[in-house]
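Sharing a structure below in structure tokens format, with a few things to ask.
Lettered A, B and C in written order, each chain numbered from 1.
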Amino acid sequence: MSASADSTTPLVLVEDVHTYYGKSHILHGVSITVGAGEVVGLLGRNGVGKSTTLKTIMGLVRPSHGSVLLEGEAITGLPPHKLARLGIGYVPEDRRIFRLLTVMENLRTGFDRNGVTEQRRRALLDKVFTYFPVLAERRSQAGGTLSGGEQQMLAIARAMMLEPKIILLDEPTEGLMPRMVSQIGQIIDVLHKEGVAILLVEQNVPLTLAASQRVYIMEKGMVRHHCASGEIDVNNPVIKQYLGV
Amino acid sequence: MTTAPLDKSVPLSKPLLSHTAVFWIGFCVVMAILIAAPLALPEFWRRFLTEILIWGLLAMSSDLLIGYTGMVSFGHSAFFGLGMYGAAGALLIHSPPNLWLALLFGLAGAAGAALFVAYFSTRLRDIYFAITTLIFSQIFYVIIFTWTPVTGGENGLIFTRPHLSIPFLYDARFTSTTMHWFVLAVVTASYLFLRRLTQSPFGMVLQSIRENEARTRAIGFAVKRYKIVSVLLSGLFAGLAGVLYAIQNQFAAPDFVYFITSGDTVIFNVMGGVGTLVGPIVGAGFFQLMRELLSRLFGDQFPYLIPLGAVFIVMIIFLPQGLLGFARRWLNR
Amino acid sequence: MDAISHFFHAIPFDLIVIQTVNGIVTGLILALVASGLTLIFGILDVVNFAHGELFMLGAYVGALVVASTGSFWLGLLASAIIVAIFGAALQIVTLRPLIGRDPLNTILVTFGISLILQNYALWQFGPIERKIPEPIEAHFQLFYLQYPWYRVLIAALSAAIIGGFWLYLKYGKFGVWIRATSQDRIMAQAMGIPVPWVFTGVFAMGSAMAAASGVLFGPLGGVSHTMGLDWVLKAFIVVVVGGMGNLGGSIAAAIFISLLEAYAAIWLDPSQAVIVSFVVLILTLLFRPTGLFVATPK
């Protein structure tokens, strides 16, 4: 049992993590916290290590140094399927829905777990179909036939089936039309209201600042800046420095 | 004090002997032992040692493909078998049986099989290639097994051993000792040739193909051609081993063309260490010695392949580089 | 005109029908074997060289159970279950440590396992062939032959087992897990699917299918320690011709090749009829290397 799961123990704590891809040193001592129910943004240009940070938390990549804790317990090195069951949902860049499975089957992969009663499954499905009516319409269609925006919704809905404590969202607005971008913002709000924590990796600064309570800014595998979202806006020199073209 | 940049090409302390010197000294020591061996060993072990060398040559030929080009082939039984039958053909047709004719026919037979396999090798990668070579060796097996009038079918062929004849210089029957020396000479020459080859620019390209085929092609090398040549050479040396086996044992049987022989070859490679050339010879020796030991300890009927198979599996999981794998870099310099 | 009618008279229609039936019977058994192989390859990325030996083991277990209980059905069931458990144990001990490594390693390891199992069978059961008695004695008239009903039964059973697995893959709970794992192993894990256990489960399924085919084949040919070798080779040919990882393709290819071989056996010696499958393979590799029954060649 953890020492004390009080309000000061963050939900997720990434501590001084170094990660390599082969010989490439991608993360140089990254430390991040996400509190329960918090929306935290992770900003930075392409290739600075934002996705790798998420992958390290999800156990898809093993850090060579440092640790990851979930509610005070070390989870570094645990396989992804255990982490999913412990309550970490993962929505990767390019969505990666199961293209040959139907929408319904995609969702099933998330709730075919032990201890989930038929009732709870139905409740979960109802909730997801309420938030994403288009998925209800297309429930028997193969995932690969959905549009980009619909696939993004499916990817998020699929993660919600795990009833996660935190969802790791990797660039959800990439390649989406402006109308869909604002929809993503609404979905994040809804999840936040439900008490699900979110670690949001994005390049869309206004969306991230609006949706999150705190932001980290990364460059070259390190965290360079950390503040409350309310303290800065798009025109802030910090943003220009680390995200400017 | 000036700080000069660390120059990598200047070793901090000069070793007593250069790498080349150590290699050649080691080589001479091993050769001396192998040359003297038949004089000291009883008949059974003399032949045993000769057979290890022959299997070693077969395994070494396969190492060119597996260890250096990165292509796993289960087709070596076909090359070996055709070398064997080719030699058998020459020894049965021509009278008196001629050693060099046997070599010629055997190598031609193996080359034919190798060309056939090579053609398909360039169109398939990895697992598909491995499976297909296996199936091809079975094709040859079926042909040999059923074409009884030519190949003797199930019973194989029996023939007499030719004389060791060097035109104008020497002509006498083989004794088990001179047979051993002949085989040793052939195997050693093959090793030196292959060693030279793998260290040449050609060999470097092969290794580059093993590491990253796409990149090698992107750089501009005609990967197809290199692969074909690699398969051809590998097949030729395997066929050579087949010829030696035929001469040593005076029979050719379809069993050797069955894919299990290819499997055994791959086992020798893995046990000894791929990519070392000598590793497979050591692997062949290790395997045969273990087999002999087990049959002496537990009797002829003992299924020696059960413990040996287990050792093989354990080695793949825990010691994938094989017995000589640790020396791989060193042997290839 | 006369020549044409002579030609038609020369075609042994009755033999062709008989061989068609025979071809379908062996084809369905081969399809069952190949399906297990394809399943294992498609989902675990493992070329299971030991598949033929699992077939052989299944036949032996079946023979033993039938000999002691007198029931063919019990033999079939027991064999499938025992070999499935054995296969699972095998996968956990020898293949799990190799996950993530070069696929070549799994070929070598399964080859090693096949050697061990073959020699074990020879040692334990001896070189003499065993028999599994026919489950049904009845025959029916097919032209001039008394054709045994049990052959039709075996074909039907093979088809039923294949169909059963196919349905389970499509609609069963673990079916969704298996399909998700084969499409995207990483996201399957991210969805909480215990992928290492899915692998074990699939290997067990494939082993059960191989064992069942062994028992089904038992009454047709004998049970011997070398029976696995011929079948595994043919199964590999079927898998390559059908398109690796393509279940439907494997089944079609199995029946196609078996039919061709059965027809060839009318004119050729049976041990030479085998050449047919080799020719089909070579033609496939030359003209449609991704598989004869794959929709569009990549």
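Keep this in mind: contacts are C-beta pairs under 8 Å (C-beta built on N, C-alpha and C of every residue); 3 or more make two chains touch, one makes a residue touch a chain.
Here the structure is a predicted model, which means the values were calculated and not measured.
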{"item": "Overall pattern in which the protein chains touch one another (line/ring/star/complete/other)", "value": "line"}
{"item": "Distance-to-centre winner among chains (Cα means, whole assembly as reference)", "value": "C"}
{"item": "Separation of chain A from chain C, taking each centre as the mean of its C-alpha atoms, in whole Å", "value": "44"}
{"item": "Rounded Å distance between chain B and chain C, as computed from the means of their C-alpha atoms", "value": "34"}
{"item": "Distance between chain centroids, defined by C-alpha means - chain A, chain B (Å)", "value": "55"}
{"item": "Overlap residues in chain C, where contacts from two or more other chains coincide", "value": "none"}
{"item": "Interface residues, chain A side, partner chain C - complex", "value": "58, 60, 79-81, 84-85, 90, 92, 96-101, 105, 108-110, 112-113, 158, 161-162"}
{"item": "Chain C partner contacts - residues on chain B that touch it in the complex", "value": "72, 120, 123-124, 126-128, 130-132, 134-135, 138-139, 142, 145-146, 259-260, 263, 266-267, 270, 301, 303, 305-306, 309-310, 312-313, 316-317, 320"}
{"item": "Complex contacts: residues of chain C adjacent to chain A", "value": "173, 176-177, 179-180, 183-184, 186-196"}
{"item": "Touching residues on chain C, where the partner in the complex is chain B", "value": "47, 94, 97-98, 101, 103-105, 107-109, 111-113, 115-116, 118-120, 122-123, 233, 236-237, 240, 244, 269, 271-272, 274-275, 278, 281, 285, 289"}
